[in-house]
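Letters A, B, C and D mark the chains as written, and numbering starts fresh at 1 in each.
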Amino acid sequence: MNGSKIMTIDKRVADIAAAVAGIKDGARVMVSGFGDAGNPTELLHALIDQGARDLCIINNNAGTGRLGLAALMNAGRVRKVICSFPRSSHSEIFQQLHRDGKVELCVVPQGTLAERIRAGGAGIGGFFTPTSAGTPLAEGKETRVIDGIEHVLEHPIHADVALIKADKADPLGNLTYRLAARNFAPAMCMAAELSIVQTAKIVAPGDINAEDVVTPGIFVDRIVHVPDPISEAEVLLQQEAGSGEAATGTNQQQAAGL
Amino acid sequence: MTPPMTPLSREQMAWRVAQEIPLRASGGTYVNLGIGMPELVANHLPDDAGIIFHCENGILGMGPVARPGEEDFDLITAGKKPVTVVPGAAFFDSTDSFAMIRGGHIDITVLGAFQISRTGDLANWSTGGADIVPAVGGAMDLAQGAKRVFIITNHQARDGAPKIVETCTYPLTGAGVVSTVFTDLAVIDVTPAGLMVREILDGLSLADLQAKTGAPLTAAADCPALARPQN
Amino acid sequence: MNGSKIMTIDKRVADIAAAVAGIKDGARVMVSGFGDAGNPTELLHALIDQGARDLCIINNNAGTGRLGLAALMNAGRVRKVICSFPRSSHSEIFQQLHRDGKVELCVVPQGTLAERIRAGGAGIGGFFTPTSAGTPLAEGKETRVIDGIEHVLEHPIHADVALIKADKADPLGNLTYRLAARNFAPAMCMAAELSIVQTAKIVAPGDINAEDVVTPGIFVDRIVHVPDPISEAEVLLQQEAGSGEAATGTNQQQAAGL
Amino acid sequence: MTPPMTPLSREQMAWRVAQEIPLRASGGTYVNLGIGMPELVANHLPDDAGIIFHCENGILGMGPVARPGEEDFDLITAGKKPVTVVPGAAFFDSTDSFAMIRGGHIDITVLGAFQISRTGDLANWSTGGADIVPAVGGAMDLAQGAKRVFIITNHQARDGAPKIVETCTYPLTGAGVVSTVFTDLAVIDVTPAGLMVREILDGLSLADLQAKTGAPLTAAADCPALARPQN
């Protein structure tokens, strides 16, 4: 880093345990990612080690394979999932827990989910959307015909914590993301009281062109450096090629086994 | 009367849908393909056709599937398949991606269906079974938001039940959203006057088609034969 | 440009007259810019030459100095202005027209203006915001107490046309903006039926990193190359330094005099 | 009783406000300064204080005013002044900028005022005169959205009328939004129990201050003197 005058701001924490410190039982936790792109797997494993339970998870999916969100659910820490698509391939852990009545499910259309999260971050008290009008997902919701089209009133989603995977971060919390790994991360950083980011690269202030910042630092609270994040899809691909180990559990296991 | 031709195969249905997508518009045609059979439509569109594929997870300018060994799992489709992008692609977040969908900026979406009603209601996300975990993804946003909603589906379910029905019995994805239904037997437009058969499988009578359909169909006397690829 | 396979898409038009062709009398026209940053001055001058009148303008301000929006208003083409801050310094043309009853004014809080434009582009039928609750700007509007806080229901703003200034564009319409000249442009590109962009630089597809695109091409319809756009603030600065000419009117005048 | 000291100058008031802004928080303090007197507050904050200035037109990390000859009119403040940025700055569009303001992400905004009511109502955008073109800008968003709203203002208007009043007579900017009022005579917190004088100009009695104020004030018996810079 340099001696720039704004270097008194430094949101980096020492390690991944410090990153998830203080997350409370019962917390509402937003988790970035769509499929395998943008999952904060190491933060989720640290949350298993940290011990918080009775969590309400907000994510596009409901965990796949055995790592990350699936591992957190398998550890019995999740009470409820708010998501758009819990039935991805390899989502057996969630499906079993849901069938057993151990995890509650709230399904939200993906665009409504994204917009509700943004509304939470942007101070919007509610909004009308045509999406889901006339469908079972609108049952019990206020509706209104606007310009001849039936709309559903949707409410903002806030969270106590967001767990986010970025590609680059500077100490002020300015972030960029790789390719399609961006998805829900920017809106979740806005909507959570405490935004915790694992980033593959840490750069000096100014190294991200100010015009290219995707998430401005105002929406970020803690940064932890995870230089080589695990990808479950890559693990599965290696397994199919016969070259991989079974992937399981926590960061300790990950450090030992993978 | 000639015996009916073989119904269209999945690839032939995808080819037929592709014929309906405007090519080489200088302003581009923005298309979102649903997961499953709709993805096949891309196989039948020329490379330089001025069509930009949108992926709900934040991509405009999706290209071909990634070659083995070149997969990057930060670059996947809505169906979680590793993919590539073309020059001039753009990445953006989920709120912008669904602003494109919900704001009416996607010209055409191609989706599968469990049922389509006479008035263009679509059911394609849940069979309502208590044993199945419900999962909607972006289906409701696409059905409601795209300028035109094309459905690609077999005319009948595996058990022979009609997929085009008077009223959907499965949970709705959207009400009155379908523009055109492309089946293995016909092309049918949803219009204010009801379901209009635009093309019908060569050798199949309207009465035959009606017998496989759960809602009333109308067709011109000179309704053309269902187009199919030459090869 | 290159021979890339997507080059059948080309949103460039031959000249600035072609860029504004077809704009109708009575059109609702969004105009990017905040102060002097991001004003599509050349497009506005082309609109004077084009002749459309009875326009409803949506902009953060209401024109300053004698160029661009001020010139359009001075030419008598504007019926109504929807904006947040019409009383900038050098806004004499608007103020006189408004006092004379020749231009109608609708004042909207700046954040509500931005959010209403985004709502127009994103298919939102309306939203609740605490901004303006209890103030004269909420008079006649539906209100609702949400979580103990009074909210005002605000409606989307759509437009027939957006006139936008970008820094870089490729033929597909992907855009970037300079510094703080971004302001209202991305939301306006989303909310207008026809988005017309003047850009200082035209680059080949792929030359803007796909992760750095600010406005994706789906929101853009026409692009015109204006390599060296005029800045009224720079003109004023030069005048103060005694080195400039008086700045006035249309592109012809601009080409002749400046 | 000593005769009252000279009321604070504009720069001294700005200095006093600056004392209330948390410095060197490792997470940063995000501050938006309104146009006019609030801008002076930046003069009294050290460069390495961990404070990030937000501009409503789409800047985080505003730096000093641009030097003559180095102005770039694509890089201006909300007050349209050419400015600079610090390393680690970010640019964004108006919707994101106001999401920061309206979503409660700005720690402190410093604004001017025509009137402040006993319950923290703020009037600072219009005197309601029919001859004045109304112009609100981002004032209502800032007043409603920032975590804390600091007001910097002379205690009385030029004609001697109190600016702190029982009920605002000018059009409101926001209801119940003000946290603290910093005047040339006092620092006054808006609390559920009413207006609490936290500091009062040395030598000025509470009764004197109350006489210049249009709403009831309360103060502790040992209310400290209004702090002012040494030089």
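Operating definition for what follows: a contact is a pair of C-beta atoms (placed from the backbone, for glycine too) under 8 Å apart; a residue touches a chain by one contact, two chains touch by 3 or more.
Treat the numbers as computed from the prediction; the structure is a model and nothing was measured.
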Item checked: Pair joined by more contacting C-beta pairs (A-D or A-B) -> A-B
Notebook entry, point to check: Between chain A and chain D, what is the gap in Å from one C-alpha centre to the other?
Noted result: 37
Check: Centre to centre, by mean C-alpha position, how many angstrom separate chain B and chain D?
Finding: 56
Margin query: From the mean C-alpha coordinate of chain A to that of chain B, what's the distance rounded to whole Å?
Written below: 31
Check: When you check chain C against every other chain, which residues touch at least two of them?
Finding: 115, 118, 122-124, 129-130, 177-179, 182, 210-211, 214
Next item on the list: Give me the residues of chain B that touch two or more other chains.
Entry: 91-92, 95, 98, 101-102, 145
Notebook entry, point to check: Mind giving me all the chain pairs that touch?
Noted result: A-B, A-C, A-D, B-C, C-D
Next item on the list: Flag every residue of chain C that touches chain D in the complex, lowest number first.
Entry: 34-38, 60, 84-89, 94-95, 98-99, 105, 107-115, 117-118, 129-137, 150, 177-187, 214, 231, 233-234, 237
Next item on the list: Enumerate the contact residues on chain C facing chain A in the complex.
Entry: 115, 119, 122-130, 144, 146-147, 149, 151, 176-179, 182, 209-212, 214
Item checked: Parts of chain A lying in touch with chain D, wherever the complex brings them together -> 2, 4-11, 118, 120-124, 170-172, 174, 190, 204-206, 210-211, 213, 216-219, 221
Next item on the list: Spell out the residues on chain D that touch chain C in their complex, using ranges where they run on.
Entry: 55-59, 71-76, 80, 82, 91-95, 97-98, 101-102, 121, 126, 131-141, 144-145, 171-175
Notebook entry, point to check: Any idea which chain B residues touch chain C in the complex?
Noted result: 24-28, 30, 47-50, 52, 54, 60-61, 85-92, 95-96, 98-106, 145
